[in-house]
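Shared between the two complexes below is subunit A, which has subunit B as its partner in the first and subunit C in the second.
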Partner chain A sequence: MSVAELKEKHAAATEKVNNLREQLRQRRQQLLDTDVAEYASSQGRSPVTFGPTDLVCCRTLQGHTGKVYSLDWTPERNRIVSASQDGRLIVWNALTSQKTHAIKLPCAWVMTCAFSPTGQSVSCGGLDSMCSIFNLNSPTDKDGNLPVSKTLSGHKGYVSCCQYVPDEDIHIITSSGDQTCVLWDITTGLRTSVFGGEFQSGHTADVLCVSINGSNSRMFVSGSCDATARLWDTRVASRAVRTFHGHEGDVNTVKFFPDGNRFGTGSDDGTCRLFDIRTGHQLQRYYQQHGDNDVPHVTSIAFSISGRLLFAGYLNGDCYVWDTLLARVVLNLRSLQNSHVNRISCLGLSADGSALCTGSWDTNLKIWAFGGYRRVT
Partner chain B sequence: MAARSGGSSFVPSLPPPCPKFPPEYPDLYGKRRETAKIQMLQREISFLEEELKSVESIQHASRCCKEVTDFVMANSDPLIPTSQKNQKTRRFWKWLCGMPCLNLSWICCYSGCSCNLKCPWCCDYNLCGRNLCNCSSCICSLCNCRSCNCSFSDCNLCNCNCSSCICSLCNCRSCNCSSSDCNLCNCSSCICSLCNCRSYNCSLSDCSSCKCSSSDCSSCKCSSCDCSSCKCYSCNCNSCLSFCTIPKWQCCSFPKSHCCRKISCSRNRCIFPFASCTDCCCCTWKCPCRQCPEVCLCCSCRKTCCNPCCLLF
Partner chain C sequence: MESETASSADEQQAADTRGKHRILAELKRVQQESRFLEEEMEELEKTDIISTLCEEFLHCTETRPDPLLSITNGPINPAWDIWFEGPPDSQGCRCWIL
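Coming up: the complex of A and B.
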């Protein structure tokens, strides 16, 4: 067959794919008989209301000298690791605001960090296309720096996000600008599975984020510049379990809903969405006009422990607190006292759900908790 | 045919020499590439057909919405205010629990008053001088106040010299950091001749007046420098976001390359304004760094010295 004939065949196959996608979209549309907000309203649910001092900034973690790009909590003991433009990871005791470790990175261009489930090690990745692991209990070298205990190399593009597989310090999943996600065995430093990539059914652009299902650690979702989110089973790397369409821009952030059967996304199209992993339905769209006709990109999201609240950071510095059931903004952290003075780049909730940590381009991290009617004198 | 005498013979005239066309080599690379793309599309077609069949049997969205609502309503949330009625009840118990002559915390917790909330966030550790801090609104018997490794037990009054204690754990208010890296030092008034602590003298907009070793903010790291005058790599240019290089949200000071003419060229490829770029897949650039004179693929540039050049934050 000549190249010209092959190109014709290619065009025909592309048209068929587009037709099938349209059919699928229409069929799904018929199944969308309601969304979460409409259903919850019909059940008589009232929106969450916050008083002026209900959610307060109770800690400001100062120490970074550059923009904060990423943060992660330990599953216990209230410690946080943060990554910054200053080329450092800092490990904080969130209760006392003190730093326990300041790790100077071999490559300053860090984009993501994560705490291991046991809290013994931290990982980071960035423009060096590698994921570096640091054991917090290791002795420092002669310059006082914590050495890299393992380097995971193999990605052909930047590492945008990393997350340890829950309950084990051995496996970590990374997402990359090379359009793939990889499951690594930290002990050997080798790739266990590669999800997507050339000639495989996966993302068709940079992958920007991952989130592992807390209820079933074999499942994870990824978000990409191809405007889709994809659900993966770590046992099947050859294809995504499901692809979620709907966004009209890059999907910058994904997080699993606390029940493990849904996940949220945040995108350049200014919306957050809630998807169901078993049916593929888009259950809710969260969007509010910010004013000036601009559509600020969503940079990061986090769900509260009950799933009732969705925290979303935007490129313009807003940090909306959404009532997920009624799809209404109930609070903007930016308007609170002692808030960040620049955009919020990352969010994370503590393991017990009692505190939210935000990281910002103003170089600080802040911890928000329920202030309510409690006062400290 | 005339026979010629005298020994000469007739030679039929040959056609004029005509060079042959070169053999046509098969375009294996192009064919195989196209074949692979078609295979991927056919695979995608089978996935989509499979999904179309499975969609027939999935439940409507309303059932999923019910599951979400039921889950949310069944779980309490420490970040959500309680109802007005509960607030009044809890205020009474909070008052009762707070009475010094009564230790009814177990009742408070049993009745669900505010005392069962996590102690750490309601306590201000900086005020704690003892291991058992006594917050005004809850009894924090589980609080673990900060301990000081300095010679003074109360770090609020501590004037310990950090050279005599471990700076990574020292939380003294005043401290002469012996550590060159103030990220380890929690001092508020470090002498920053070498370290990168926030210096109060850096409130000035001109970094040359800032107590940093260099007016170039890449080494200055003053938190409140006016980076436009200090040549810091600070960029809030929203217009860059559309053309920004890898990763897309990082600040980009190079415009999208004009050399890249192909529609199929993704923005992650040709990003540098050099005329030598003729093909998206072969996008090359010459690093302006003096230490990096080589021309290399921008995506695979790994030299540390090149980082400030080709990979901009």
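Coming up: the complex of A and C.
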């Protein structure tokens, strides 16, 4: 077959793919007989309410001298690792606000950090296109710096996000500006699997975030500048299990819902969305005007432990608390006393769900907890 | 002159071959994408409508005890209030890392 004939075939195949995508989109629309908010209202559910002093800022973690870009909690013992524009990771005891480690990074341009499941290591990645692992129990070098215990190199673009596979300190998943996600074996430093990329079906633009399913650690979702989120099975790197369309801008943040059957996304289009992984359906869209004609990008999200609350940080400094059932904003952390004075770039819930940590461009991290009166149903 | 013409013709042929391989690989990728979408369409015909999933979602969010809600399913864990038992945040370590 000649090049010209091949090009013709390619054009025809591309048109077929576009038609199929449109058919799929329309069929999904037909199956969307309702959404979560409409259904919950019809079942008589009332929105969550917060009194003015229910959610309070109970800790301010000060120490970074640059914008905070990323944070992660340990699965236990209430420690947090944070990454900042100042080129450092800090490990905090969130209860006492004490710093236990301040790690000067070999590359200052860090974008993401993560705590290992055992709490013995932390990882980070950024513009150096590598993921660096630090063992917190290692002796420091002659300059007082914690040495890198492993470097995971192979990405051809920046590392935007990293997360350890739960229950073990051996595997980590990264997302990258090179349009791929990678599952790494930390012991060998080698790539176990590459998801997407030049020779495989995957994202068609930078991948900005990942979230591993806490109920089934073989599944993870990724969000990308191609405006999609994709669900992956770590045993099948050749193609995504499912691609989730709907967003109209970069998907900056993804987070699995606590039970692992759904996940949330946040995007440059100003919306958060909730998707079901088994059917691919979009269950709910979360959007509210922010007071002017601006549509601020969503930078980060986190679900409360029951999934009833969705915390979403926006580029304009708002941090909405969404009632996920009724799709209403029930609180804006920005309006509370002692809140951040710049945008919130990252969010995370403690393992038992009792505290939310927010990290901000104002260089601080803050811990929020419920200080009001609780009633049991 | 002849050898120059011959070598530029060789280069052109090599470029054409590489171009053909690239287009063929791209065509295969698009055809594969087409098959994936057809599979997805078949699966979609067997999936539930949204309201079935909504009932499950409702149940899920109302079952698990949540420390950040004022009205929640029990049991309440006293450890949730650990954040209010220590010294207030103004006493925390504020040393700057330079």
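Quick note on the criterion: the second predicted complex is superposed on the first by the 372 of 377 C-alpha atoms of A that agree within 3 Å, B and C clash if a C-alpha of one lies under 4 Å from a C-alpha of the other, contacts with A are read in each partner's own complex, and residues count from 1 in each chain.
Following the convention adopted for this analysis, a contact is a pair of C-beta atoms (placed from the backbone, for glycine too) under 8 Å apart; a residue touches a chain by one contact, two chains touch by 3 or more.
Fair warning: this is a prediction, and the values are worked out from it, not measured in the lab.
Look at subunit A after the overlay: subunit B and subunit C clash there.
Contacts of A:329 after superposition: neither subunit B nor subunit C is touched.
Using the contact criterion defined above for the overlaid structures, shared-chain residue A:109 touches subunit B, although it does not reach subunit C. When the two complexes are overlaid on their common chain A, residue A:66 makes contact with subunit B while staying clear of subunit C. In the superposition on chain A, A:170 makes contact with neither subunit B nor subunit C. Judged by the touch definition given at the top, the superposed model places A:57 against subunit C, while subunit B stays out of reach.
By the document's definition of touching, of the two partners only subunit B reaches A:206; subunit C does not.
The partner that reaches more residues of subunit A, of the two candidates subunit B and subunit C, is B.
Applying the stated contact rule after C-alpha superposition, one finds that A:21 touches each of subunit B and subunit C. Look at A:127: by the touch rule set out above, it reaches subunit B but stays clear of subunit C.
Once both structures are laid onto chain A, the subunit B stretch out of 5-13, 41-49 or 239-247 that overlaps subunit C is 41-49. 3, 6-7, 9-10, 13-14, 16-17, 20-21, 23-24, 27-28, 31-36, 39-40, 43, 45, 48-51, 54-55, 58, 62-65, 78, 86, 88, 90, 95-99, 102, 199, 201, 239, 242, 257-259, 261-262, 276, 278-281, 283, 304-309, 324-325, 352-356, 367, 369-370, 372-377 are the residues of subunit A that lie in the contact sets of both subunit B and subunit C, per the superposition on chain A.
By the touch criterion stated above, subunit C contacts subunit A in their complex at residues 16, 19-20, 23-27, 29-34, 36-38, 40-41, 44-45, 47-51, 53-58, 60-77, 79-84, 86, 88-89, 91-98. Those residues of subunit B that touch subunit A in the shared complex are 27, 30-31, 34-45, 47-49, 51-52, 55-56, 58-62, 64-69, 71-73, 75-82, 87, 90-91, 94, 114, 117-118, 120-125, 127, 135-138, 144-146, 168-169, 171, 179, 181, 183-184, 186, 196, 198, 221, 223, 241, 246-249, 266, 268, 299, 302, 304, 307, 311, 313.
Contact residues on subunit A toward subunit B in their complex (touch as defined above): 1-3, 6-7, 9-10, 13-14, 16-17, 20-21, 23-24, 27-28, 31-36, 38-40, 43, 45, 48-51, 54-55, 58, 62-67, 78, 85-86, 88, 90, 95-102, 104, 107-109, 111, 127-128, 144, 156-158, 160, 177, 199, 201, 205-206, 208, 225, 239, 242, 250, 252, 257-259, 261-262, 274, 276, 278-281, 283, 297, 299, 304-309, 315, 324-325, 352-356, 363, 367, 369-370, 372-377.
Considering their complex, residues 3, 6-7, 9-10, 13-14, 16-17, 20-21, 23-24, 27-28, 31-36, 39-40, 43, 45, 48-51, 54-55, 57-65, 78, 86, 88, 90, 95-99, 102, 199, 201, 239, 242, 257-259, 261-262, 276, 278-281, 283, 304-309, 324-325, 352-356, 367, 369-377 of subunit A touch subunit C.
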